[in-house]
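Two complexes follow with chain A in common, the first pairing it with chain B and the second with chain C.
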Partner chain A sequence: MRTIHRRQLLAGAAAGAAAAALPGPVSAQNPRPLRVAVSATNMFSLDPRRSVQNADQFISRQIYDSLMDPPYGTFDLAYDKVLNEIAESWQVSPDARTWTVKLRRGIKFHRNAGELTAADVKYTYDSMTDPKSASTQRIYLSDLETVRIVDDYTVEFLLNQPNPTFHASGLISIIGSIIPRQAENVPFETFSRSPIGSGPYEFVTVDPNRGVVLKAFDGYHGARPKIETIEFRYMADPTARTLAFLKGDLDIIEGARLPGWVDQLRQQKPDTIFDQTRPGSINTLYFNMSRKPFDDVRVRRALRYGIDREVLIKAFGGIAGPSWGVNPPEFPGAFTEKELPEELRYYYDPKKARALLAEAGLGRGLKFEIIMTQREDYASIMLMVQDMWRSIGVDMAIRTIDHTTYHSEKNKNVNAVVLQSSTFAPVETQIPLAYFHSSAVVKSDGKGLNNYSHYGVIGGGGVDDLLDKAQTESDLQRRQEIIRQAELKILADMPAFTICTLSFVFARNPRLSLGFDVKAGYARYRLSQAQFTA
Partner chain B sequence: MTSARIEPPVAAVAGHPTRKSPWLSLFADPVTVTGLVLIVLFCLMAVFADLLAPYDPLKQNIMAMSRGPSSVNWLGTDRFGRDILSRVIHGAQPSLALGITAPLLAGVLGTAIGMLAGYFGGWIDRVIGRLSDVLMAFPSLLIGIMIAAALGPGFTNLVVAIAFAFLPRFIRVARASTMAIRAEPYIDAAIASGQGPIRILLRHVLPNISGPLVVVATLWVATAIRIEASLSFLGLGTQPPAPSWGNIIRDGLTEMLVTPWPVLAAGLAITICVLAFNMVGDAIRDALDPETRD
Partner chain C sequence: MIVSRILDAILTVFLVLCLVFVAMRVLPGDPAVSALGEYATPEQLAQFRQRFGLDVPLWQQFIHFFVSIATLDLGTSLISGQPISEILLINLPYTLELSFAAMIVGMLLGVPIGVLSATRRGSSVDYLARIVALAGFCVPDFFLGALILIVFGLKLDLFPVMGGGSGLAERISHIVLPAMTLGLVMAAFTSRLTRSALLEVLKRDYIRTARAKGVEERWVTYRHALRNALIPVVTGFGIYILTMLSGSIAIELIFARPGVGSVLVNGIASRDYPMVQAGLLVFALFVVLVNFTMDMLYVLIDPRLRRQG
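And now, the complex of A and B:
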């Protein structure tokens, strides 16, 4: 027994000495691994078809190439701006129902899994739209009728209705990530923990200390990444991430979307680079119109007038922004402040709020309880809302629960007031359809969608028609016009409103350059052009 | 009634002319007195929180976020601009309310169950004994977390959770003490005189086992305060925006780099309060322990 112990000790010491002498995996070019901390407790799935958390998607974005993507660091979806990754070129039919994508030749999958061809693209999309696959991406592909292989390097996406922005919902980023068709025979669990893509980095291992380790893929069809190794750590606690970043252990951390976090970190480490997306997540506050007194439009307007959005935005210190209409100002065709009629701008007016409540018979105040997630961004917004409403005589008690439970509970129609944070591609139809169409209404059995107000089912006559009309309209200009009409109606009825937008923030080591500036997009970016500077 | 003549010898022992009351000896030790004074101060702070706190502990002020100590906010403000001093003062309420009610509830229930087990023995004792063994196998914080997570947060649920976690401790002490008393001749005498078990338990057993139970209760008050803080820290305890020492620390952690005052102040409050209860608990144990008394 003793000798084994000693041997183990010696081996450990030798390994320790070696590790101390050679910090991290070594390459002549770039000896230092890039270390990133994401906000999650652990890896769930690196299979983009079944991905649920952004932390995993950040990693997946390095492992997989997508058919196309907005130019890095932006969310620019203009046809002439979109960047091709796997696609060589693409075109849309005049009726916007057929999208033809030509693939680059010679793209290789990792681990000798062969060349990427049209069959892999078809396999990927078929497996996402297959109801049995339980893909989390299926809802975004509801208008995809079928994928047709024209030849080895050409595929056609045939849609069941015109969609001039199908690329935004179906061909970019995570959803456009192509998986080798050999994955067909690999169980989901195995593939999601040992993924194969065609991106600049290939998966090496996942271990409790180093997290997910990726290394540069030698056979990548584009420029070879400059950094050899990336380690993604899962660190759910924002304080732990911040401290490790300050110590210099991490090069990129997912920020805490808390009031004052950016300023506080900047004070501690003034040269930190903050990568911030605009608009980031859309934070929508819903009034559940199936409950009294929220069925009364006066109550909903009163609560809206009781929120001082400027204070809320100021508190977040530069990461929050307003949204005047349903769509935030960064989206095409969105309302600006001046374009809206005065009464639909809902400037903070506690007097008016109290008057409206009194008119609705609630002059003595209103009391209700909601459940709320502990996640810092949600909780911060709701605590501020609670305080503002308290001063107009509305007593909202909050019971906090963990984030996963919150999502499953709120989908069961239990809350009187619901806060939802989501990221959308800048396409004018997405938010109205997802949040205000009657077909998306929330259901008590949890099988409904994101219309937590019951708008369209209760009140909101005519909005469904406008949204349906917009969806079948192939002309983008006319589509925007219809959506704006719907937005005016929604603002007047006030079933829900965008309380603020909240940027995703990453703090970055000033010695690390990404190769582009982060201005917009999902809460993840590519690291293939990253390099350490002197 | 004949029972008056076979009263247990409690009163006789306590009132022994050559011995001072054990309770009086508590005040002889300066450490104990300090503890008592601190406990009284904390209780006053909790009761008169509204008068003592300089500000509304819930009122946010976005213009004064995460400030350090100043003449306006003695302990600074948190990230919503709320006054830390006011929050720490109000935070004493849930901590003390829970610290006292949970052991009290556990004490009443646990004593009753433990006395039944100790007095009747047999299968009642075996069932109760095994069940409390099962509960004892879990650390009280873990049981607290499990129950609070199952019932959801909230003051009543928290009291239930912590009381449940403490229950086996009281059952154990009450059972063992009752078994010792059960063997005394005066119990046999009481049975012989025709008294019912309930009356015997209340009049003859309970007064004689109350000493050790008081000690257990005092010591567990400190633990209850600690568990409340832990559960609030984990988000299972006092719900926002209401302050409790645990959730002040939890919120304060995220801004520790800028202002350590919320964490320090609430941490210090927990430490001092727990220490005070422990000091007094130890002193009571010493005073009531027959070994040290003589």
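And now, the complex of A and C:
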């Protein structure tokens, strides 16, 4: 078995970069590169084990094949719909504690790094779950006990508790992206900048002008990509991205999740195709129940009634959507509007809001200050909320700070009201467990987790039990039913509510076909079937 | 004089670095969280801090920081793991070429307009030049940049709208619009400065004497007056170059250009301490170099300073 050492890897990267500088083979079908601009300032890491940035993950999705994935352009994780990439087939044991995956034979890694086998799968997962590793994905694999090699092309994922949706949290991209085991001699930082995967595109170079350059991988086990080269540029400024797109210098740009952006671009370039990944991020407002008067359910409900979600959704011009329960309607088992009892739908009712505030002794109004990030999506939402609450006598002052500081401060329990935007795989347990279980409560020393409401610690009796019960339930439908019970309780107690979902939106050159329609998913999709149509 | 200037420069850089060191650590936000993400476990965060020496007392970090700078070791980025010297070597040329190009635009436009405005004081040319200069002051550079980008890049399609280009021809074409943006603002500033300085000099006795001797007006303006008027212009120019550095950060973002400004902004956003420290070290050295050059220029322009030694 060949071992790659750090120097060889670097030499390979250098050779790749040099090769990129030379006139390379030009595809007869599509000689021009596909140019994509992502919303980020620079590359953090193209090692999926250490990925924290959507922009990097969009690139990684092209470099790495995953064990499996939802059908392209969707977030459909029904067992019979899941698409196998590296996996040839898979099965889950009746107790949902053992997931067995059979691998395709003959899958090659880039740069002659050998054939992908069960040992590479085990290495990838071991390196993510190792307590000493700096993997950012470890948290998502908390229920993975070990990975066992059955034979060269079969692995078993043994879990410490039943999980009928382990594929969603642990086997699809980006976590399910497999790294060659020879990378164990290479520090994370080096691999991050010179990645080796088995996907349709291989890494060539990262350049301050062209960004990350990828080229079609000749040895790909699936259909060879139709476009030879992709350039991913990191462009943080939405105006710069939009203007370059309008000029035709870019084929795909990550959109600005700002009210009016889609409409304005559509006006400028009516034939633009907008790809949206619903539900996108889930934007939830948490009331800090450890602070007065937010410990009073009447106040929390009043604030909920004081928000006209329809207006807010309309302002975003089609990229925002509602969420009636804790889980958005796109998630399996989530509540639709009609399924909820009327009193838990919380339709906009400023009169009722004022009455509840008066009942709670706040008839003369409520005044408080929060800190909020300057990031466009957060700031837009909170400004609209501020305006709506003003009309029910609530004066919320907003002190704007930078995004990094906001995340640091909100994790120290300093805010009376917290807005959090997060993206999840469509797994019904993830949001309730991460944000409403008492064990996830936020702490003032910053060492707590994401339960910004203190729900379960203050109020919310019984919800912890339901969430714990759901976690040990191996039957998917029964699990969903338990989560729905917890959701009803949460909606009644109103420690938090989802203001809206906000799709990740990409504007696309109308002459570029992706080979599928983008309907749902994370802020990334495959470009291996893309081609210019004219 | 040179030795004293060098000592001043060292002290300035030292103070700037102290300030940056303290400011970065006072800012809320954790580089470990930026690098490992919001959901990193406390053990992972602790390991990260230990690995990069962020868990030792501040005074130890401070000493380590200065020892590294003294040994020209800028360290590695906490976020990407890339050597910082490598990052700066890639980005610095783009910042320097933008500053240089903007300076040329600013000087070539600003000084002649200022002279024209001063020598034709009260004329329509003077009024027009003053209005344009005032507009140049009022319009923020990021707005002007977007405007120039839309008109010359998008509508007229004359120049590229993003990136820094590679190869001489491409780099020149990529620098035109950003340099025009910064240069126009600088020209507005320079023209006003030149005008007022020149008007002041033109009132002096020796100018009257030169005119009384029958020296040609053009010769009086350019040979006798302008040279003396240039001293405050050079001072103002030096100051403006420094403020232009901060302007270049916005311009780099709008034109999606590589450069130290963008590196610095990224570093601050992700609390990448070594990156910000190194980026600001470069800026501080640049400031010192510009000041030093300005001092030398005074000597060249003003013979009295040469005699004072």
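Keep this in mind: the second predicted complex is superposed on the first by the 505 of 534 C-alpha atoms of A that agree within 3 Å, B and C clash if a C-alpha of one lies under 4 Å from a C-alpha of the other, contacts with A are read in each partner's own complex, and residues count from 1 in each chain.
Throughout what follows, contacts are C-beta pairs under 8 Å (C-beta built on N, C-alpha and C of every residue); 3 or more make two chains touch, one makes a residue touch a chain.
It should be emphasised that the depicted structure is a prediction, and the values quoted were computed from it without experimental measurement.
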| item | value |
| --- | --- |
| Chain A: partner with more touched residues, chain B or chain C | C |
| Chain B versus chain C as contact partner of A:239, first or second or both or neither | both |
| Which of chain B and chain C A:404 touches, first, second, both or neither | second |
| Which superposed partner A:138 touches (first chain B, second chain C, both, neither) | second |
| First (chain B), second (chain C), both or neither touched by A:468 | neither |
| Touched partner set for A:126, first chain B, second chain C, both or neither | neither |
| Which of chain B and chain C A:379 touches, first, second, both or neither | first |
| First, second, both or neither for A:43, with chain B first and chain C second | second |
| Which superposed partner A:256 touches (first chain B, second chain C, both, neither) | first |
| Overlapping contact positions on chain A, where the chain C interface meets the chain B interface | 239, 243, 246, 402 |
| Footprint of chain C on chain A - complex, ascending | 37, 41-45, 50, 52, 131-136, 138-140, 187-190, 192-193, 207-210, 233, 235-237, 239-241, 243-244, 246-247, 249-250, 402-405, 407-409, 411, 446-447, 450 |
| Touching residues (chain side chain B, partner chain A) in the complex | 58-60, 62, 65-66, 79-80, 152-154, 235, 239-241, 253-258 |
| Residues of chain C defined as touching chain A within the complex | 27-30, 33-44, 47-48, 76, 79-82, 90-91, 94, 146, 149-150, 153-154, 157, 160-166, 253-256, 258, 262-263, 265-266, 268-271 |
| Chain A to chain B touching residues, read off their complex | 238-239, 242-243, 246, 256, 258-261, 264-265, 267-268, 311-312, 314-315, 374, 376, 379-380, 383-384, 386-387, 390, 397-402 |
